[in-house]
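Scroll down for the structure; my scribbles are underneath it.
Chains: A, B, C and D, in written order; residue numbering restarts at 1 for each.
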């Protein structure tokens, strides 16, 4: 019996619940795997550290984590690796020395481009946009934002990124930050929220402030949570990858590490029905391109995740 | 009745031996709770009784417990400091800033501890110098200290602490005994002596029981309280060094929400929130109990939030049960 | 007239007004009526909660469990709404009040009958109530898609240009004003805080009065539980975490003395408004929101220092001249 | 000892008692405050309750107003058995009281203080502020306190004015039974006269009045009947007209008065303390006096005369605005009690429970507190030394306690006072200030304290004794300073002979133009 712990940023988040579903599927397919789905209730590094300490004590075979802080978790994850536990990060990564491999849901640059494109597609004349992110220490969000900033001048010269704010994946904070954006930038045309919590909060603010049609909300969203905002027009389109596949792949990767496969640049891993990945020179790999949801398909996907 | 006898009358020092008193004391009650929890934990999870597990468990509470020692004195003296977690954030930030200037390990530690002390002085001045109620002052400084941390760091984090700095939060003194834990035990001993065996400790109790009578008796009430605020700040600074080292990084949101956990630990340790009574032994055992509960339930993969129900219920029960018990006995006596 | 000008509330109102005007100079349009209404709406819940906390603080107690009570009640009504979308929302609001009341009563009973200090009881229930949320919700959040449209609408419907949420705050404030100044319970609350012994002599049951204030704070927390979930369209374990101290901060800034017996409804409202205005003003004048925490901390400290100034002078005035000139 | 026989009552024909108490017993831990007390109050009459400090008068008042529940006994109103379960129940049954301590609300307005707990309501059941203000104003005028505005906050009033508000509060309740526990203690001459006129009015309107006072002239001026208490027991009652002061005094103390004060003659030494030009912004002004070795200097005055404030300034609790203190020949600057102890001045405070003992700490720790430096070594406690010190002084003061580790709060009042005195003597002071040293302690302990005080003086200590009890000051002092409203009214040497009336006049300001 292999024990694989799926540690998430915070419990209750629909995105991670879906990932856990995928993890269970993988465990069933492989057989002989117990998945421990756990995480703190608030998205903090200290909470994750306490959990990892107890996972180490339970002698789990692998820890697959979506981290709240790339640096603060390194010491404790190193300790886990020292005790023979395989550690991978997925979704939101840990600094290289704290894990054996990292699974990006998608190519970072691609995501960075996608989130801008989602806004730009509906702004033929260009205009002001702002980003509402998760917490300021979230690795994945920061990487996407950096990629987005890089690509802006080349591909989207008419789009003007006026501000980046942080909602800490907390609905209230995200709401307040979205409001702040709207009042500080009267010409704002779009809010880009590459986080499932923030995007809902921003869409709600736009709906409440009667700005539907004036401010377009976009970013990364779970179809089931976000459907109503596509329906009411506060958002034209959002994107996301499949969280179920992400959790599924995390378990597959962990299983292979436990089985003795070594994680080194160039190594190939099979991830069941999703396919195969190859590690790059930072021992990370990316899955498929993000998938875009709009009026045409959200109904269908909202039933899945 | 009213006649005055002038023959010297002997008054014994004590009616019962101090030992007997200790047997029926709060720390003993807590100790029993602790032992029971220990046994329950080892039955509930096969992983519990391993030296490394237990050692790992100590990391979850030592920093808080180190602050709780000083907080216990402060609460016994009838004050409270809710800014301790924010002091950690500010001290950690100060270390991070120093790091940017290439300060070495000894310098970092000094700056962390010193920042804590300065925050303590600030609290102490506001409370004793201006005569303000500590609970609101420290709610204010709680936002203020962490706020400074946010101003400095914003959405950034400090990382890249030098090699050697990791020893404080991650190093082991001997086998499974971590540096943090050793430090905690040493401090526990120091605070035990300070509170229970020195004039200063006696004055702390007196102030908590009756600040007016203490003042009338020549105790420099304000000064004692000021020192206690400084001590609490200092201990928070030390906790900041440990935590920063353990996390190997600094963020402004570090240790958020710890203040209430520290207070809970102190109150659970049998320190009266109204001041005047309490023991260091109790606080130490309470720290262990909180560590045991969280770790034991953690091994069963019970989320932290559910553990907090246990802690909260334990807190209310250990306070309420003696009251109910006394009441029932009184009723039975009638 | 002179007393009005010298009162804390007047100065606090003046400071809030100056802040609004100054912000408007830097960022014209900030003081536009609809923007101000927006700020008021954003502060509405804090106002309601601050009033509840005020009634508790006036009796020399403190309620640290308000935010947890709010979150728990919010989760309960959210779950009910998700499971039975047909239940009319006003009924659900009433139920939220009732839930909050029960949770408040639990605090109150322990404080009244067992005489445990309020800070200990509510420190315990602070964690207990929040933990229960996780249990009843099974660790899930209740998201927008699970809530009925009516549930979300009941804080947003506009009436005379103000959203319902603002009206709730106005109604609570008026009710509170009447409670505190025109009813025996209100005056008993003050009396208990000013002098518990004298209150006993005056025939006031100190324990029961404290109990009543915990009912009030519980009820208002419960009500805000519904408002919160409806407004932010999410029910989760994390709702309003750490907010208990913001509520107390609003009270303190509003001049409500932690030592009991001193404070007014207007003060509590202005204290909340002060924090609300800072929240809204900072982003508008391009101060990084990261400054907000330090500023509100400094404001609290300043408020306590200033309030203490007004209260010093504990002497008894034995000399006749001293009384005449005071 | 023989007690005077209770006189057969020559009751006015028309009168049946309005309220009857019988067999009332009330005990506090360690103290039996009331024992099988009986009392009757008649409509239209004033009954004076007389007794020494601590005789149980105020406790009786509190049982009659529902604040304390008696352990035994019954209370009847108009012959009907009632239980006064709460102060509210007492209001409802028509009993109102002015309590000895002014128990009022500092932060609230005068009108509110008067009406709290029985507020006037409008039709809508809300408080009727306008009516309350108006009626308060009228009430205050009636008792001669028209100068107090109903809107003033109570904390801005002096103690005398606060007391008048308390009187107004009591009268705002339309009650048949009016209880007044030392209502005149804090009032000046004119205010007392106003109060008496009012009492006459109340009498005429048929109210049954219970009046407590230590001043015989007042009792003779206003009372129709008397009841005497001693040590919690009723030892006599009857019509004032049928008795005289001597009988009452004998009933009160149960022995002749002068043997209580065993002041030894001492030869006075050099000046140890000289106070000159001492002032405080609000509490006292122009204080000049000196104190000699072996002397007992009495400070007399009405309650609220500012004596305690003066003494507290001397030991650095409050800050004087100007003036100088010399200890021996040297100017001493005393900014804190710690400094006072170093200079050899100690103060046994008036409010024993609040300022003196730490009730939840053991006797031994109470006694050693100001001497910790001597009993410890390098800041570390040495329990053996502490116990030795405590044992020495406990024995010297003949403390009655089960053990030295007992909490001080479990002792009787008198023994608590001994603990406080022991605590201060243990510091080996040169000047000891005793503020109301026998307040609320039983007769036996009182005598012990007096004996001890005199012994201290004989041993060369300089003693300042603040007291509001005339016999005590007159019996114990070598010299008496009389204070009134924060100033020294007069100083009387023993050689000039102490005259009770002169002292009272000086303290109350009688014979001067009313201020």
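As a convention for this text, a contact is a pair of C-beta atoms (placed from the backbone, for glycine too) under 8 Å apart; a residue touches a chain by one contact, two chains touch by 3 or more.
Just so we're clear, the structure is a prediction, and the values are computed from it rather than from any experiment.
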### Query
What chain is the most remote from chain D, judged by the mean position of CA atoms in each chain?
A
### Query
Which two chains have the most C-beta pairs in contact?
B-C
### Query
From the C-alpha centre of chain C to that of chain D, how far is it in Å?
44
### Query
For chain A and chain C, what's the span in angstrom between their mean Cα positions?
36
### Query
How many Å are there between the centre of chain B and the centre of chain C, using C-alpha atoms for each centre?
30
### Summary
By the touch definition above, chain A meets two or more other chains at residues 11, 41
### Query
Can you list the residues of chain D that touch 2 or more other chains?
none
### Query
Among the residues of chain B, which ones contact at least 2 other chains?
154-155, 256, 303, 305
### Touching chain combinations (by label order)
A-B, A-C, B-C, B-D, C-D
### chain C contact footprint on chain A (complex, rising order)
10-14, 17, 41-42, 165, 170-172, 175-177, 179-181, 183-184, 186, 200-201, 204, 208, 224-228, 302
### Partner chain C, residues of chain D touching it in the complex
65-67, 86-88, 90-91, 99, 103-108, 112, 116-119, 125-127, 129, 156-159, 161, 280-285, 304-306, 309, 318, 485-487, 515
### Partner chain B, residues of chain A touching it in the complex
11, 36, 38-41, 44-47, 49-51, 53-54, 56-59, 69, 71-72, 74-75, 79, 83, 135-137, 164, 166
#### Entry: chain D contact footprint on chain C (complex, rising order)
178, 181-184, 187-188, 190-191, 194-195, 197-205, 261-262, 315-320, 322-323, 326
### Residues of chain B defined as touching chain A within the complex
45, 47-48, 50, 52-53, 56-57, 59-60, 154-157, 159, 166, 169-170, 246-249, 251, 253-256, 294-295, 298-299, 301, 303-305
